[in-house]
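Some structures are shown below for you to check.
Heads up, the next two complexes both have chain A, just with different partners, chain B and then chain C.
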Partner chain A sequence: MTRTRTPGISRRSTLALMGAGAMTFAAPWVARAQAKTIKIGMPTILSGRVAQLGTSSRNAVMLEVEKVNAAGGLAGRQIEMVVRDSKGQPQEAARVARELVNTDGCELLLDGEASSGSFAVHEVARDLGVLCIHTCSEASSLTADPKQHIPNAFRCVRQGIHDSIVGGSYAAAISKAKGLKKWATCSPDYAYGRDTTGEFTLYLKRFAPDVEIISESWPKLFQPDYTEVVTKILQAKPQALYSCLWGGDLTSYIDQANIYAMFGQMEVFAVNMADYTALTVVKNLPKGIHSGNRYIKTFPTTPENAAWGDAYKAKYNEYPTNWSWQNATAVMFLAEAAKKANSADGKKLAEVLKGLTIKCPFGADGTVTMRGDDHTLVGYAIGWGTTIPQEPYVPEVKAGDWKTIFELEAEWKKSKGYT
Partner chain B sequence: MTELEAGRARALVPVSSGAALQRYRDVLIAVIAFAVLASLPLFTGSKALLDFVIRCSAYGLFATSLNLLVGYTGLTSFGHGMFFGLGAYGFGLIMQKLGVPIPVAFVATLAITAVIAAIIGAICVRLKEIYFAFVTLAFQMLIHSTILSWASFTGGDQGLRGGIPRPTFLGINLANHIHLYVASCALLILGLLAMRQIAQSPFGYTLRMIRDNAARASFLGIDVWRAKLTVFVLAALFAAMGGMVMALFVSGAYPEFAYWTISGEAIFINMLGGVSTFLGPMVGTVLLLLLNDTVTRFTEYHGIVLGVVILFFALGLRKGLLDFVAEWFARRRKTGEGR
Partner chain C sequence: MDLDALAGCLSSSACLVTQTTSGLIIGMLLFLVAVGLTLIFGVLKVVNFSHGAFYMFGAYFAMAAYQLTGSFALAMLAGAAGTAILGLIFERVFMSRVYGADVLMQLLVCYAFVLIFDDVVRIIWGPEFKSMGMPSAFQVMPLFIAGGVVPPYYLLLIGVALVAAIVLGAGLSRTRIGKVIRAAAHNPGMVSALGINTGLIYGGVFALGGMLAGLAGALAAPVRSLTPGMGFSVLIESFIVTVIGGMGSILGALIGALLLGLIRSFGSLGFPLFTEGLMYLFMVIVLVSKPTGLFGKEAA
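Moving on to the complex of A and B:
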């Protein structure tokens, strides 16, 4: 039997055509698979007393994510945020973080938890190996303690120790100039309050050794009535008062202390005053309260920072908070790292994030750095100034010196046994 | 003995053999339940489901132990969460500071909890109703404040940091998700079985008698104080077991574990599931966690949804879900018999 070639399309051509057809139809799928969205999970506090801060974190993240997505996404992949409420409970934070990764398929985590919740999410990151950027917890030990160190976790947040060093040196300079020797403290009775106050007085005494603490008050967290605290301080007759009360506690305290005309009788240093959540809520904001900057659109005094503050206000009809700028910075870091690594893979991003310096509206010199050895944010704008009752609320802020911060931070780490 | 009493005495004979049968039945159910739960990872790769069961184990042990007090003895404790917290902190601290094998830490934590529960219980169980509730709440706040204040030992409000070490023992590696899952299931089933035995034992019936009429129990020669103290300590042990499972799940311990809200959650679970059936709190646990996990996925106003659910159970059903189902079946059976 002889085989004759039939006219028409040969088997080879048919196969080639089918292959080409398959490629044509599959191309969009392949392209889509390569450019598929990347989910970023974010457990944060969206209910309860600090919900406002969690909401402002989510707002800031969404503001930045829109920009990143408009510019092509994270290494070509559009970002999809999955934000969930943890109610501020660590066990919920851990549960939500695990669920975001295991069920929702999130490849990266932005941890918008405060205090204990951030440590719970940190353990989840340790367990699952997913890249995690802490964006709200100011507890220094989260990154300073080498026991906490894991290669896939970073912290894009200001730190208690940095604030204390800058605050201590600023307060000491004013103490010397005005002869303020008798000091009182009034801070919330929990780890943050006690640690921050301890570190502040440590550096205050270091820069102004003749300062004496004559009265200490430790109101409970979320205490509604501060009468006994105010009268105790007034009876002690200090020349200056330090407080790290925050949020609603600080505004209640100021409103109640105003009744006793306390702010005319002593210099007041309240580290958490210069945040719009406090500044805009106090009924009669006294003139001349010294405060560290939390978020204020006039510091750093750059058009980029002012523009960012205004853009946030225009979109959400309220001013950003301290948590906002930190969360926005985290997204900026991710975007820059993805560009450098040309990938959105967590491990590759982690490698690039180490020691990465990026342009940022919140940087002391227009840039911020993710320090390589302890995976923490440095170089952000940090300073102290005095309040006035109307916008811009803190017209002049004296910037802290990062060289001094680094020196004293290294000493502090040694004293804690961290290095 | 009257004729009526004699009749009752005769009726008691099959009851005791029935109790033995029921005990075997309980063990059989426990073995089957464990086999089903432990084989779950063979059928599903869903880590979220396994996480859910681990959390159910922690809360289930805790809520069922509260039911020993509330449902069986009539002691409404508002401070039962302190033992959940004690379990988590005791276990976490022993593992972090001493580095002993896990079973040793487990037993040591139970021993510490038993001592503390005996001291607190000795003071509390003398009191009745609202006084008992509030003094237990006061002790819980004392323990919570101690955890917050003793920051050098407990880590204060930031909790026990740095993870809980989990050295392998008897081939079990609790750092492995599946091993932790199976171990949690085992603890849950063993805990539930032990509590069931307590509830069905003569001691369990003594507790019911105390709940219904403590004065009568006392006249019958029962040392009411001792019985209440015993069940208080036993319930604390099972709550501590729940705390240990939770500590292993989150690899840490946090002050929220000993806060009054955790006691509130256990009471809520009991309300949801029902207190007159043994498995009511377990059903309540599954319901609450399911509700929590589903609702928080969609809205941050979960409080409103949970509030509506509470209202539905409190005003609509007027009892827990399993109580409602059990009564419905009983009614149906009665109607069936009547036909």
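Moving on to the complex of A and C:
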């Protein structure tokens, strides 16, 4: 027996047509509902010895994202942050970054990684073409080296070379005033420690040519005991000491050097001292340590900066860190770029971000700029001062001069073959 | 390599005193951790890879007690007693179940607890680093001995570690309990047959080992930053000490730790870029010339 088809539209076809019709009418609504939020992915370090890097970065981002969302979001789209732990491992950072874009559907990336992880995330951004703002890596080469340049990556972070120029100039002035000719250095034995110390001594000698480095110590990163390093420096009898130890390593070093009364025997320049992570942890903070500003709410001395520091403390019951202000600034840049572009599209945002100047509590003159030619942050408040053991910890900070920074940075880039 | 600096130091009494005491400080803290490790291995035949966690807990317990009471003595007591209790519980509840098991299983259990203990510390005290601070009694000018600089706190530290070494050595060789422990290490079956509770001995030895590591952590707390996972680097150096001194030998742990401390102290002057390497090189030389370590005994 054969079945004969009745002419006209079959039941199956009717259903298919109805389904297609429904999809046609409903699709814009579905798409609009999806587009209402924009996911921003953030790989960062949330576990391990430097977990504070990630948690204070995440906290600052969330603080700013709440404000942006309350004001209507990024070009009308509410921000949804997707923050993932990279454990501080570069390969994990790259994997997480890729997953955030490919699996979680994140349209933008905030890279809250330390230097080693940032270079890995940078390669992911190069590969996927997604807009990526680095918010923690201070390694100058990340944006100074033209080989690293990609149109969709920016760095919203202070830079090692900027700190070294300002620090070298500040230290040289004190060297000349106090006759500090014999210097020792003590910095962690990895890329950041070596590079930053090299750049600092380069500019110290440039501004004070009679300075001599008579002793160098390179303790390994996260070394628990510095006794042999402290006694070695005491034997060398320098008049001044430079260190870029940071975090728990710096506080250990201070505790151990304190009982040798080292701080009374030489001037100490510790670039990473003036950060609340170290200032509030050291129980017997010596008076008079020279330090670069990391984040303190009293520099720049503006009501906006103080209010931001207080708001952060009120929300998280601790003071912000250097990474906090950098991450907050990145969100501020995104918000302003979205307004100007009237879009949250990564490519359009990248176009607007180039050379964008925004009002910012952390700017030297109340503004910061995302420099167009190398996609890096400039104009932020940068300076050095001396510590006291209680708040405000660094009562007076001598601000660095951005004109000098730009001149010497250009020379440095040339010497490195970057320009 | 800066052999001139090393030679200059060796010919100066001030430098010699400073660097020697510096080496003793490093060595004595290492000894306290390593001796617990070697004791546990000697009696229980277990390589306790979670030993560094007891050092970490000792430091955190001491900091917590110091913040609560303001008493340095109570802080040290809390560090030592707290880790002794923790060691006893850890041995009775977990380690005692894997004594007869494959070494891989023991390693796995220990490693699991390294991670668990780190997370426990993170949950209780937070992930960020902490500092206990130097008690005011020790915030004084350092002593100058023959021109060398010696902080008073480090004299206390060396003294406490020396007393611990003497009490431990004398206790094991001259007391009845010490003899029972040594007998249990040599032939646990026979000790058990004589009606002695070997489980109690094992638990006690583990608690003692944990206590010594905890005491080291408590003594280090005023001068080192406290972070989850801080026991790991100490553990590695403790293994080097026990390998150099000989697994299971208390005298070996003492000599090994002091040698390592002196290598670091003088090595930082003469070989500033190879100080870490010197320690491993020394270990290799000892292992090649005497595979059982300086004071280790050949297996029967």
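Methods note: the second predicted complex is superposed on the first by the 384 of 419 C-alpha atoms of A that agree within 3 Å, B and C clash if a C-alpha of one lies under 4 Å from a C-alpha of the other, contacts with A are read in each partner's own complex, and residues count from 1 in each chain.
Keep in mind that, in the parts below, a residue touches a chain if its C-beta (ideal position, glycine included) is under 8 Å from a C-beta of that chain, and two chains touch if they have at least 3 such contacts.
As the structure is a computational prediction, the values presented were derived from the model and not from experiment.
Aligning the shared chain A places chain B and chain C next to each other free of steric conflict. When the two structures are aligned on the shared chain, A:P224 is found in touch with chain C, with no touch to chain B.
Contacts of A:A191 after superposition: chain B is touched, whereas chain C is not reached.
By the touch criterion stated above, A:D249 is placed in contact with chain C alone, chain B being left untouched. In the superposed model, A:Y393 makes contact with neither chain B nor chain C.
By the document's definition of touching, of the two partners only chain C reaches A:Q235; chain B does not.
When the two structures are aligned on the shared chain, A:A51 is found in touch with chain B and with chain C. After overlaying the two complexes on the shared chain, residue contacts for A:V281 are found with chain C alone; chain B is out of touch. Across the superposed structures, the minimum distance from chain B to chain C, using CA atoms, reads 5 Å.
Common to the chain B and chain C contact sets on chain A are residues 47, 51. Chain contact summary for the complex, chain B toward chain A: residues 46-48, 51, 55, 148, 151, 155-159, 161-163, 246, 249-252, 254-257, 293, 296-297, 300-303. Contact residues on chain A toward chain C in their complex (touch as defined above): 47-49, 51-52, 55, 216-218, 220, 222-225, 227-232, 234-235, 247-249, 251-252, 255-256, 258-261, 277, 281-284. In the complex of the two chains, the chain C residues touching chain A come out as 5, 9, 15, 18-19, 22-23, 25-26, 29, 122, 127-134, 138-139, 141-142, 149, 151, 153-154, 220, 222-225, 227-230, 233-234, 264-265, 267-269, 272-273, 275-276. Touching chain B in their complex are the following residues of chain A: 46-47, 51, 84-85, 87, 89-92, 94-96, 98-99, 102-103, 115-116, 119-120, 122-123, 126-127, 139, 141, 145, 147-148, 190-192, 194.
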